[in-house]
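First, the structure itself, so that you have it in front of you.
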Amino acid sequence: MGIITLTTDFGEKDHFVGAIKGAIYNELDDARIVDISHLVTPFNIPEAAYIIQNAYKSFPKGSIHIIGIDSELNPENKHIAVSLDDHYFICANNGIMSMICQEIVPEKIVEINIHDKIETSFPVLDVFVKVACHIARGGTLEVIGKVINTIKPIKNLVPYVNDEKNQIIGSVIYVDNYGNVVTNIKRKFFDNIQKTREYEISARNHKFKQIFKKYSDIVNFENEESKRNSDGKGLVVFNSSDYLEIAMYKSNWDNLGGASTLMGLRVMDTVTVNFT
Amino acid sequence: MGIITLTTDFGEKDHFVGAIKGAIYNELDDARIVDISHLVTPFNIPEAAYIIQNAYKSFPKGSIHIIGIDSELNPENKHIAVSLDDHYFICANNGIMSMICQEIVPEKIVEINIHDKIETSFPVLDVFVKVACHIARGGTLEVIGKVINTIKPIKNLVPYVNDEKNQIIGSVIYVDNYGNVVTNIKRKFFDNIQKTREYEISARNHKFKQIFKKYSDIVNFENEESKRNSDGKGLVVFNSSDYLEIAMYKSNWDNLGGASTLMGLRVMDTVTVNFT
Amino acid sequence: MGIITLTTDFGEKDHFVGAIKGAIYNELDDARIVDISHLVTPFNIPEAAYIIQNAYKSFPKGSIHIIGIDSELNPENKHIAVSLDDHYFICANNGIMSMICQEIVPEKIVEINIHDKIETSFPVLDVFVKVACHIARGGTLEVIGKVINTIKPIKNLVPYVNDEKNQIIGSVIYVDNYGNVVTNIKRKFFDNIQKTREYEISARNHKFKQIFKKYSDIVNFENEESKRNSDGKGLVVFNSSDYLEIAMYKSNWDNLGGASTLMGLRVMDTVTVNFT
């Protein structure tokens, strides 16, 4: 039996997540349900897109991913099921899938059409769970929807490169639990423009001329511990999902604050790379 | 093997929830454990009652629901196990079950009396888990407690209706993850008083003359997107649990705030319906 | 198949926890994964040590505990696997295990050395999961590391006792979900010093001459409910993990605040016991 994952903006206090799990167990006695996140900021589609893109790859082929963000059915917000990279995704056609689809071509997209039999004000419970269980039992997408060819895009997925190809203008797309600031500049994209040139990364008035391989590369372990002074220092890495990230070594919300707070960087802010 | 669900005010940081799951697995190798919520406000019984009432129904018959709120045993706070609607509930007799029992008559209530063998300062771990595992193995309630006939009530469950039957005075019982404000006025209750009359719903200085079927019914999809201006607008719906709810379309704590913040509505505040 | 538990400072919003669970299922189809906590304050090792120490004991023998706090590999932060009390622990050698090891002697400690085959910026995903699955399949520690004899300690684990043995100077090591303040003074330690003497416990300007058996022992149930006035009163208990705790009866962040807020007690603050 496949795995069913959940990514929503339901929060963890209300009964919504529990109700969904109950409904899945009601249909599939031996379901394996995994929470990816229920703390997506309400209605924040780019945030959900980033989270699901980076989580799904670790799961076994055949996993089914329910994404419950802005999922109320209306004339401009249809429900879709997508098969891609041997995984299944069930969500509203509101842009969530465009970050993944930019990198991997979907095998099949269907617009779900089982709604004529279902009157609901809780579509994740009444529609998405039904579709997920149908797929988990080996059902095909064509039975629950009609094939479509394109999905709704979201903006600003790809950074801007100037004509001279000596500047990348990216933007902050996510701030993680440590306050580290994730940009939309991926390692491969960066490498393609950089070639072998030197570079300077700018975010507000902060400049960086080096991208570390890991966070603790900022520490000089040859110095005595008391003289290192690296805690709370800003640095740049490609994070474990291969996005350029402005981070702070051992950032800590309680004491030091993270890169986001200390450098004043928020989602949508600009991060520039100049090559020389 | 039945499902065991957990609803507590333990939070998600401390070791309490992990310890309970470990203890269940220690007794039942093939247990299926589902978190409903651990973010109930400490000692807030009405909140827990609302959450468990709306979550339990989705679970398969035979599920066992542990509710760990204000569960320290003392002369006025006994432990009970309740069978109702083919589900089992294990909790303190502190009012948590009165919201569910108001709608569905319990099949059996027992006051748990296995405490003479257990010295504990963590009753959910040492008593509730034992009772849950006993039931999961097919044990009867009579073995772990003595039958009682009534449970402790909580106040303000049902809205007030005036003698002329042209006014309902309800109150806010819950604020959800989106800041939407849930009242104690249920759809059936409302319909019974309303008959076919027009109505005006008042909460502070906000008035509503219409109850939508779903949140996005406030959007006029015939207008161009830029001219709609519906994000952040107040509206009234019956929510997916059939409670009258004052909501905000695409409410968002980060940007707009939810209905609760923007309209200044909090738990215990009055919501009035006048029929004409 | 053994249980794999997770204790991290990853938070619950990002994709990290979901990715780890996916990776475990990718290796072990029938894994049982249990979250202990993902809300450890970033890089806070004593906090993680307290949580894992009090959670692990409830789990069945043979359980495998992944602890993902400050786990980036560097010259001073090696990865270890520890077998102790018939449980397995996988973490960085940064002090996390010293609280448990102070009470129970490890059976075996190995420094993990499978890194030469793994290039990673996410060691919990790429190293700890691999080690956990190896152990879950019955593999030995020697296969994935070389035996070492000592682990890195953390400070202030044990309270100070003066030469006259009439004073214990302890400190606050944890604040729980209710705002209750946990000290490093354990029941057995206290009993050994106290013998049969009277005592006074001081924390800031608050004094206590009694340690209750449970929180509600502060309530005089012979008084009418309206005259009791015990909600929000300070008290001292040994908590369910046998640590001396300064608590507040029915503490409540929303209304009253917890002991931590109301008494101004924070982690590292001093709590003194004087015996007479």
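We call the chains A, B and C, going by the order they appear; numbering starts again at 1 in every chain.
In this text, contacts are C-beta pairs under 8 Å (C-beta built on N, C-alpha and C of every residue); 3 or more make two chains touch, one makes a residue touch a chain.
Computed from a predicted structure; not experimentally measured.
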Q. Minimal path length between chain A and chain C through chains that touch?
A. 1
Q | Proportion of interface numbers common to chain A and chain B (over half same, under half different) | A | different
Q) So what angle, to the nearest 5 degrees, turns chain B so that its CA atoms land on those of chain C? A) 120
**Q.** Intercentroid distance (Cα basis), chain B paired with chain A, Å
**A.** 31
**Q.** Per-residue multi-chain contacts in chain A, two or more chains
**A.** 12
Q) Across the complex, what residues on chain C touch chain B? A) 3, 5, 7, 12, 32, 34-40, 50-60, 63, 176-178, 213-216, 219, 221, 237-241, 250-254
(Q) Residue numbers of chain C touching chain A in their complex, please. (A) 9-23, 25-26, 29, 41-44, 70, 72, 74-77, 120-122, 125
